[in-house]
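We call the chains A, B, C, D and E, going by the order they appear; numbering starts again at 1 in every chain.
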Amino acid sequence: MAVWQMIPARAAPEQPQGWLAWLRRELFGGWLNALTTLALLAWGLSALPGLADWTLWQAVWRPDAEACQAARGSGACWGVIAEKQRLILFGRYPEAEHWRPLLASLLLLALVVASGLRRCWKRWLLPAWGLVWALFFALMGGGFAGLEAVPTERWGGLPLTLMLATLSILLACPLAVLLALGRRSRLPAIRVLCACYVELVRGVPLISVLFMASFLFPLFLPAGTTPDVLLRVLLGIALFAAAYLAETVRAGLQSVPNGQVDAAASIGLGWWQSQRLVVLPQALGAVVPGLMNSFISIFKDSSLITIVSLYELTGSLGLALSGDPVWRPYMIEGYCFITAIYFVVCAAMSRYSRWVERQQARALTR
Amino acid sequence: GKTLDTIKQRDQIAIGVSTGVPGFSAADSQGRWTGLDVDIGKAVAAAVLGDANKVKWVPLASQQRFTALQSGEVDVLSRNTTVTLTRDASMGLAYTAIAFYDGQGFMVPAKTKVKSAKQLKGATVCVQSGTTSEKNLADFSRINKLNLKPVVFDKFDAANAAYFAGRCQAYTTDTSGLASVRAKEAKDPKEHLILPELISKEPLGPLVRRGDDEWLAIVRWVVNGLIEAEENGITQANVDQLKADSADPVVGRLLGKTEDTGKLLGLDRDWLARAIKAVGNYGEIYERNVGEKTPVGLARGKNRLWTDGGLHYALPLR
Amino acid sequence: MLNNDDSIIRFERVNKWYGRDFHVLRDIELEIRRGERVVVCGPSGSGKSTLIRCINALEPFQEGRLLVDGVALGAEGSAQDKAGERAVQQVRRRVGMVFQQFNLFPHLSVLDNLTLGPRHVAGLPRPEAEAQALAQLERVHIAEQAHKFPLQLSGGQQQRVAIARALCLAPQILLFDEPTSALDPEMVQEVLDVMTELAGQGITMVCVTHEMDFARSVADRIVFMDQGQLVEEAAPAAFFSRPESARAQQFLAKLHRAG
Amino acid sequence: MLWQALALAGLLAALLWLVHNTQLNMAARGIQSGWDFLGQTAGFDIGEQLIAFDAGDSLARAFLVGLLNTLRVALLGILLCTLLGTLVGLGQLARNGLLRGLCRAYVELFRNVPLLVQLLVWYLLLVEYLPDADAAWSWREALFLSKAGLAFPALVADGTGSWSAWHWELPALQAFGIEGGAALSPEFIAVTLGLGCYTAAFVAEVVRAGIKSVPSGQIEAAQSIGLSRRQTLRLVTAPLALRVILPPLTNQYLNLTKNSSLAVAIGYPDLVSIANTTLNQTGRAVECIAVIMLVYLALSLLTAALMAILNRRVALKER
Amino acid sequence: MLNNDDSIIRFERVNKWYGRDFHVLRDIELEIRRGERVVVCGPSGSGKSTLIRCINALEPFQEGRLLVDGVALGAEGSAQDKAGERAVQQVRRRVGMVFQQFNLFPHLSVLDNLTLGPRHVAGLPRPEAEAQALAQLERVHIAEQAHKFPLQLSGGQQQRVAIARALCLAPQILLFDEPTSALDPEMVQEVLDVMTELAGQGITMVCVTHEMDFARSVADRIVFMDQGQLVEEAAPAAFFSRPESARAQQFLAKLHRAG
């Protein structure tokens, strides 16, 4: 039999700290590791100077077609962006009125960002959305108070992309929730209907839906009642997105334990009440990353409407450059520009979704 | 008819145009539509509504155009569309008049030294999808055993871009299109050669929906009226003056001075005078948009009046 | 069976099946008087949970009738579609239930958990509902946790919140389904203490539990179930000292060995 | 019951209304409908074909050519995205910080840019920056890379039908670029690369998540019976991860197949492109779009069914 | 501390940290003789699992030295990179381990679970490995389950398979980390029975468990840990009747109350 003495806790022996140690461990710990690092570095060093030359050192920054022509092949011509930025960003919107789409997009962006912040989750948010949409359409459409009327066929570029993405998300969400609830309904007919809708829509490509919205839809309606093509495309995207969102929402619904529904019933809540107050908030919270991924897809997919001749961001780049022999050769720089825009927005969304996840974990547990 | 009523009611005509063929219908830097097809549309608007600007322009890709017309999204399709039997008979469309006589041709980079389309054996050819060009190309290739390889793009500008990037050894579409593309989109027009062969007949003209003969008649006679106006020397500049003092019975009839042709069409007396006042006669429209003084630079050629040895032969307005 | 006015819950030959073949409740006849405290026990899978979930209309049954505080719950499919819906709502307002897994709403604060029912079912305005909720939290001794979220509390505290939530609708009857069995041993006692306090206040309680000490000191009656049937019912003293049926004897023997 | 009946009736009414409208509209405008057009001669050529096709063949055959082109791109894309995705996914778990960072960057970049833009960029790179066909880069006079695509030697028969008739044919420079051998068009290369690289980013995430999902207890158990690191990966981690990876991987394959419809934007003659052309030539819009939707739907259901069978085969056996 | 030849495991001032600040093993000095059966107990979080995982080289440590059947496991970073890898493999061949969560490979049949090690580590051909595996399955009384998959077995059966798997490499030492605590009460006994049988066969066993009856009847020695230190070691009889340290007394008191 033995009894040991009390041993006080002490700190671990000093491990080498700091970035140098990190580098040593991460990049040169073990010979295979070191070899990989060297190979990657060699590759990087061989590729980088050329790339840097092209993007930076040899690049032409002024909208100077002749300088660009001279630098062609060795350096990028960022001047093309300077020259064409307005056309790329705003499409065929009348040039004198460009402040309107700019203002409208900024308003919309600000509102979207505000809606993402917990601090702003106040009562005024809902009316704010109504107000901003009203302002957006008023600004874009004009036709009052001295603002020149601009028909929707001339809307284009970034505002169009933003509007289509946000509006179709807004429209798709409630539909998705209904579909998801429907797929779990006790009523077999409704269940089957919702399941069929979701599976059918998920089985076809978006562009076939867009074709349908833009070519066929008018045939389905009584003669003369054809809504604006923008509206039809918007509906098409929303109906399509709803099917995908519905699956995400359904996964969330499944993650809510049955006990929650029982508990809600036991305090007297009816079916709709318990879904609205108890199940959905938890279900949607549980699938924020999934929802955000779907939102990102919708935003990216908005680029497909160029295929049905609407000039959103991707389309307006084509519009801006492909008809202009002087600047057409610098398409790749144009693509870099819009790629950067798409990337920033999508990356911001996925960052945000990770942030929300962390917030939730922190807020609800100890 | 019904179409005319709805148009009058909403006080605007919806006209389908192409998404961008310089000289025919293209947006200028201000986003305004200009071109021959556009002017014809304007003439119709002026004749019907009294104002050439009461138009909603609907740019359409080639796959969209027929359904857009069929479904009522546009009232007139004025979009360099070839009139063919299939289109006229089976697709719910009706042609009104021929506004431009064209034919399909080839363009090649001058450096290839190709002088005739028959030398294109085995070449890759850029073409836009959903056009008569695709079929003509296939026929031409088969007849001459050329084994041409089409690369088909869904949009006109995509096909242009691919040709100028060097993806294809030749580019085929209507010669007017080739000329306008070469003029406006080639860096140096001299580097590209339009080959002499015309491999098809391409009568282009505005189309309307089937089933409304009154509306068809209006569009048909506006086009004929513009041609007739040229034949009779009525121009944008002199129309008012002629209307006031011309003693020529034909002019008087055309401008509604002596006879009310408008009533027969369901319009007022001045319909043609307004149209001419808005866009000029056919010759003026042609010269302004695609004529030799414009970048597109097309000689009148077949599009001269019959009196000058061309094909434009306006049906008599009486 | 007497039909005295005192009875607040009455099972009349209730039969229930899961699926087609699994007969989970068999000819249940049981009467509980107003203010009575009944403990239901029995081996795992014997149908205890099912029994008390029937009282709250969380489970439908296929045969028989169940009267809860004067409201009749009929067998499933017995022609009373629309009336049935209303009966269910009435019953649920009069019956509070506490679950084994607490089933608090994790996305709502403790206070919101408590006011959800009163506000959306009874239609109380928020300030009133909150005042009342705070009173109930006092009753289970955790008023100071009102603004935390459920997952930030210990198991014992969570279960006490669940009890307070059940009390917020001022129910006539309180149902407990193994309220302590998901708790760490140290926390069992705090919940049992709260339950004992409640039992002293005259509310009708039906409690599924294996806490025999609690049953002995609090229950008026013990009901023993096995394989979906009521096997034996007795006063606690009698039940623990000399159970009549062989199965109850077995069951008690096992409990003793484990304890 | 009432609700169900109402919902069904409502839906039915809506559908009937739409069909009725369509019929009215089509009748009023003299639009012909029906499937007879599939038997008409196509009248157009198709640039790339796996089975013989010329303008004299029927439209039905044209659709078949388009479908085969779609499948060709989809299959190659699936191969590419699986290989690349697995590499990048494993790279994200590598010990080397640099490699990890690079793979992460790859995923972020390719995931966050619309596929259409990526396709256009690939195509642009190919047709803008490769040499003209008459100045093709060649490798040993056997491989030629140019704006006309990648030409390589192929086995061809000279039509006599005997075995000896098969011989290798080398591509060679002719008046209009490269003739002989076989070639991949730049459209095909761009679509395949675009789809492959885009989907690879998603596959990489699937692979990474799959490997991370293997409980650490399994790996410890493997180590404690003495398996080496590589054996653990091969015998325990990989088979377990595979089961997690398979279902989302199927989804990615389905997405890739559906996304191949974007090929139409860069002139690759896939099913959608052929349907588009047909729609224009015949005016049968409803029918052509129905063909597109039905074919993709069938492909989806078929893949899903196959994968379900596979899934069941590899599912862990439980009681 | 004696350095007699009998010792099969020897901890020499082993210290381990999780992160920089969490000192989880403190100056561990412990010697276990060949054939000895040692039970490690102590409150949750005291470092018991960490301790026995060190023996199997599943956890590295930062200070001290650990000898397992003659093979030395050095502290992390002590210059023996390549040699260290080999030492780890040697140790793992001589030590079998049974986990709380069984950790059977769910994608392999029971037989494949058992032959995986022998075939790929010891390089045995399949027939031999299978014969041996069947023998081990006999030993834990479930030979008839050889062709099932782990998830098709009950918890007790799974844990017995896990024990058989550990035995298949003919280890010198068997480690058990709470082998019964993930089991349903009825199944605990079957596993304990198997372990008791094994204990009778002279293999060295180190076992983390709270099954005090098992400890009493099987162990040669009990080691009590708290806060990462060895607090007390004693023969079972002495430990249970009169623990010396205050902490062990407390711990035993709690166990009794719960039991």
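Please note the rule applied: contacts are C-beta pairs under 8 Å (C-beta built on N, C-alpha and C of every residue); 3 or more make two chains touch, one makes a residue touch a chain.
Just so you know, these numbers come straight off a predicted model, no measurement behind them.
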Which chain has its C-alpha centroid at the greatest distance from the C-alpha centroid of subunit B? E
Return the chain whose centre of C-alpha atoms lies at maximal distance from the corresponding centre of subunit D. C
Chain whose averaged C-alpha position falls nearest the assembly-wide average: A
Between subunit D and subunit E, what distance separates the C-alpha centroids? Give it in angstrom. 52
Using mean CA coordinates as chain centres, what's the gap between subunit A and subunit D in Å? 24
Using mean CA coordinates as chain centres, what's the gap between subunit B and subunit C in Å? 83
Subunit B and subunit E, separation of their C-alpha mean positions in angstrom: 89
Residues of subunit A that contact two or more other chains, please. 211, 215-216, 219, 223, 307, 331
Quick one: which residues in subunit D touch 2 or more of the other chains? 25-26, 28, 124, 128, 264-265, 279, 285
Within their complex, subunit E touches subunit A through residues 17, 19-21, 23, 26-27, 29, 62-63, 227-235, 238-239, 244-245
What residues of subunit A sit close enough to touch subunit E in their complex? 1-4, 6-7, 9-13, 15
Parts of subunit A lying in touch with subunit D, wherever the complex brings them together: 22-23, 26-27, 29-30, 33, 36-37, 40-41, 187-190, 193, 200, 202-208, 211-212, 215-216, 219-223, 296, 300-304, 306-307, 314, 329, 331-332, 335, 338-339, 342-343, 346-347, 350
The subunit D residues in contact with subunit E across the complex are 215, 217-218, 220-228, 231, 235-236, 239-240, 243, 314, 316-319
Partner subunit A, residues of subunit D touching it in the complex: 1, 3-5, 7-8, 11, 18, 21-22, 24-26, 28, 94-99, 102, 108-109, 111-117, 120-121, 124-125, 128, 258-259, 261-262, 264-265, 272, 279, 285-286, 289, 292-293, 296-297, 300-301
